[in-house]
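Down below is the structure, laid out as structure tokens.
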């Protein structure tokens, strides 16, 4: 199947909310929650997407004509390109009952491993979700990043013990999940964590630890102070708080503050290999992409994952060649117009 | 009833002008006067709303996870959150004949007191309007702010004597009402007042006095010079003069000029707790919200007021938690992106 | 008749091109020539209008409450407000055959004099046009400004001798008419004039002389050097060259360069008394308004002129009062937001 | 036939993709490839067009009234105006089967020579395309610029030998064709070239050599270093890489860096003589126009070319006269507003 065919197929089986739009930009779903939309009036998602489109690249083809290498290594895990699948949860609720979280992970995790990338898996109030993810990760040799929600400390510790049994190459926590309704009113309280609490969690993890949901220089510095190996500059696709700036807006200053001392990933509205190039040019080490992989899994299963990975890799390589970068490390901020 | 249900209900009983739009942003009513729209070509209202949407907040959830306190005190009057209801008059004319000014106040004032906030009440050429408002305020223990129009000095003095009988915690004057057609051609003349005249009025009031309708640093300084306890940065929702800047545009400079020496409130296009957060981050002490409360009273009576107050409080608390502010005093301008 | 009724009436008798739009902003007619639109792709007209809308005014009603005086004097000619009617020609061609240039002037010139303002009259290849205008001006005691096209020097001299017989209080030349197709290919050549040629023309005029069609500081300085008494900052409503900046864009720098040493008028997209206020705040002494008066004359004759003049005067006075200016000389650039 | 009639006629015979829009701005065709659209999401074409529209010109008609001369000479070849036809290939694929590349060139090349300009001709995988172009150029006395694709060095050498037989006044290479799919996977590899390789190619050419597809100062300097006589600032109309800046964005800095030391041409979204004026004001020596000439050839044959050339010349002359420039060398950057 082609990318277009998979997208069309997804349109037939994604419940009432997601429209499997030709371009996944947050306009058709806006503030549709449940559904793929964003919180509040839905501008968080739209801004994320839009900002990448405003950035322009500096084409320069007076250079050697050689093979472009898009390969990337994160904490020892090799990837065919600097792209990971973002964690998505509550699939049935938001994307229709074709797939449960467990079924989704069972397709996604091995498909990513086969396609040369790795998936971040999500978490949920139902313990079976993380157990299922751990099972899928085990079967793929730990090729994935389980993402633990910021439960209370005791619950976090238990989840970490569980996920470590899959021997993943990294573990993440989406600290901004504090903004999700279902986490808010738990007893004992879930949500925000202090630097001291995070330091304890990092210690428990015994794996490279990624803090996802950083949107300020100050937050990035606290993550560094807590001992995280990396951060994901992210506003959770606009789903935890409305009216955040675009991740592309805040990325450069965060890279300037902590880049080189920790890994900096970014997500939010990244849709093409061109967008991936721009994120790397702004200083990110790699990116996460979420919703489009859901469309691919619903519409094409493992094949869908493969097709999107190939599309992204091809677009990234093309952009790199046209801007005169032949390895990821040659991508510079000066390859963006006006920078 | 839910907020959505009340809004839908309002749609059935708000006369021909107000459409009870899903988002009250000045687009559908534009220059509809009579009606809820604005003067001239109607951009004053639209700009007010739009400017809040352009501001972005800095999410940071690496912090202690503790209860958020939205409580606020104005001139000794405690409120559950830093929100007041803006004065609205000529209800029948602008919003349909379901409610007269007197009936509206009889519902609104006690409903606000019950919901933990306070209402500003309006004024009119018909003396019964202010008399009714005073009655409503008396029955609610002075929990409200009667707002006197800038009549001629003698008329102002009489109105002040009347409103003081309700022992309100503050008295206001919408000095920008000079732009309302019905005030323009009165004899003796009503409208603009000099600093000296205002100083006399403040003295007569014998209560904390708020000047509403300030849009410049110079105007704020004159209000301070006249002895006002506070100002409301406001362009009357665009209804007294077209083509004013948004209140969010002028607020920061006004706060920088007079903040700390007098209370600074703001209104104009504030619709959500997120907007309230932004106003406070720019330096306002609290905000006024007008039109949306009219929709609530028409569509749901006292229950409508309660539902909107709870919605605003919840949104404000959520935004505060996601930006790491646990009391109003912790909300800083640096919590807005780019500031 | 009301303004709305006259506009509606105009809609029934303005030929196929002008739509008598509720707001005359250049969108519906764009590049309709013949017709009221602009040259090229029509952005010149649209930009003119749009720029005024982007400017915001600083409301401040803490001031004395006194009568606003909008009266203005140009070269000894008193006017009720600082507004003149811009010269319009080829009426039948552009606005439909209800009125010829002669009939239009015969209605417009006395109607303006009666309403307390003055009209600029246009010129044409047919000598009868200027002869008719001169007749109308004579019958109104010279209350108007005949506007001579930049013919060859000999033809200009003849026209000047003719118009002086009406003893107008000023004479103008639309120097930018060099861009009109019908002027381009005349023999001897019409169009652009050097400073020396203009100095000669000014001398021949023996009246205060206005150069209309100045869009640069350099052009304004040359007009001053040529001995003109004033200029009209104008791009001919977009009809002589596409893609000019808005007149409101270039006005401030031109005023800063020659203001005080010569009269500076401005036209282009000015539609309301609010726009007039903004033009004066930017430094213009007065404004010209064109197309809307054509709509008024077609739709309401002399009454239409009166109604529009009253509307403009009322809007201007209202804006002045709300910004604390009680005479035209009190209108300052600081009354615009951001200046 | 008039310009409008030719455009309407083109609409009947341009295959399924090109709509022969009233304004050729990239909106209707966006990402239509095959077809006249651009790569990726199609913003490259749209941005090119849009940027010219944002630039405004400084009208000033106080100057001598004399004949405007638009004539231009490039490497000894005289042209009636500083406009060349951009190379277009694969006509049947993108614009419908009315014309093959050979038939198109056979109409275009002599029509251009007759109309006083010159055409750049394209290249293709089929050797007959360049052979046909060479034939057409021979028959027009070398009045044209054959444009060789960046094949591997050996293939380039062969092509150069072929095109030199037509004795053209210049030879070009579209170095950015590296981004075209059909070039990517050739063996030996085609595409990007180093400065050293280009120096060799320039030497082989033995004619003034133009490098087309330069979008950065760095690229322009490399072209100069390689010995090119000139460059074409171009992003291939958005067809080789999405999300490039507009050519008008990058032109001024490139002119400042290499202007005076080499010829600087520009293309991308230039549609009118007004746009040509703006390009020259920014510092270009001349411009290339592509798609509109395809519409003219399909809709009107040689007559279409003549009509468009006359239209462009008339618009350019008009703009020059209205801005006070009577020869191309008098067009200055200060004739653009804000520069």
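In this document, chain identifiers A, B, C and D correspond to the written order of the chains, with residue numbering beginning at 1 in each.
Heads up, the rule we're going with is that contacts are C-beta pairs under 8 Å (C-beta built on N, C-alpha and C of every residue); 3 or more make two chains touch, one makes a residue touch a chain.
This structure is a prediction, so every number in the text was calculated from the model and none was measured.
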{"item": "Count of contact steps on the shortest path from chain A to chain C", "value": "2"}
{"item": "Chain copies touching (chain C, chain D) - same or different residues, decided at half shared", "value": "different"}
{"item": "Rotation angle (°) superposing Cα atoms of chain A on chain B, nearest 5", "value": "90"}
{"item": "Relative to chain B, chain with the most remote C-alpha centre", "value": "D"}
{"item": "Chain A and chain D, separation of their C-alpha mean positions in angstrom", "value": "42"}
{"item": "Overlap residues in chain A, where contacts from two or more other chains coincide", "value": "none"}
{"item": "Chain-level touch network, classified as line, ring, star, complete or other", "value": "ring"}
{"item": "Complete list of chain pairs which touch one another", "value": "A-B, A-D, B-C, C-D"}
{"item": "Interfacial residue positions of chain B with respect to chain A in the complex", "value": "23, 53, 55-65, 272, 274, 278, 315, 318-319, 321-322, 324, 337-338"}
{"item": "Complex interface listing, chain D residues touching chain A", "value": "40-41, 43, 47, 150, 175-176, 178-179, 189-195, 198, 211, 213, 215-216, 218-219, 222-223, 226, 235, 240-245, 249-250"}
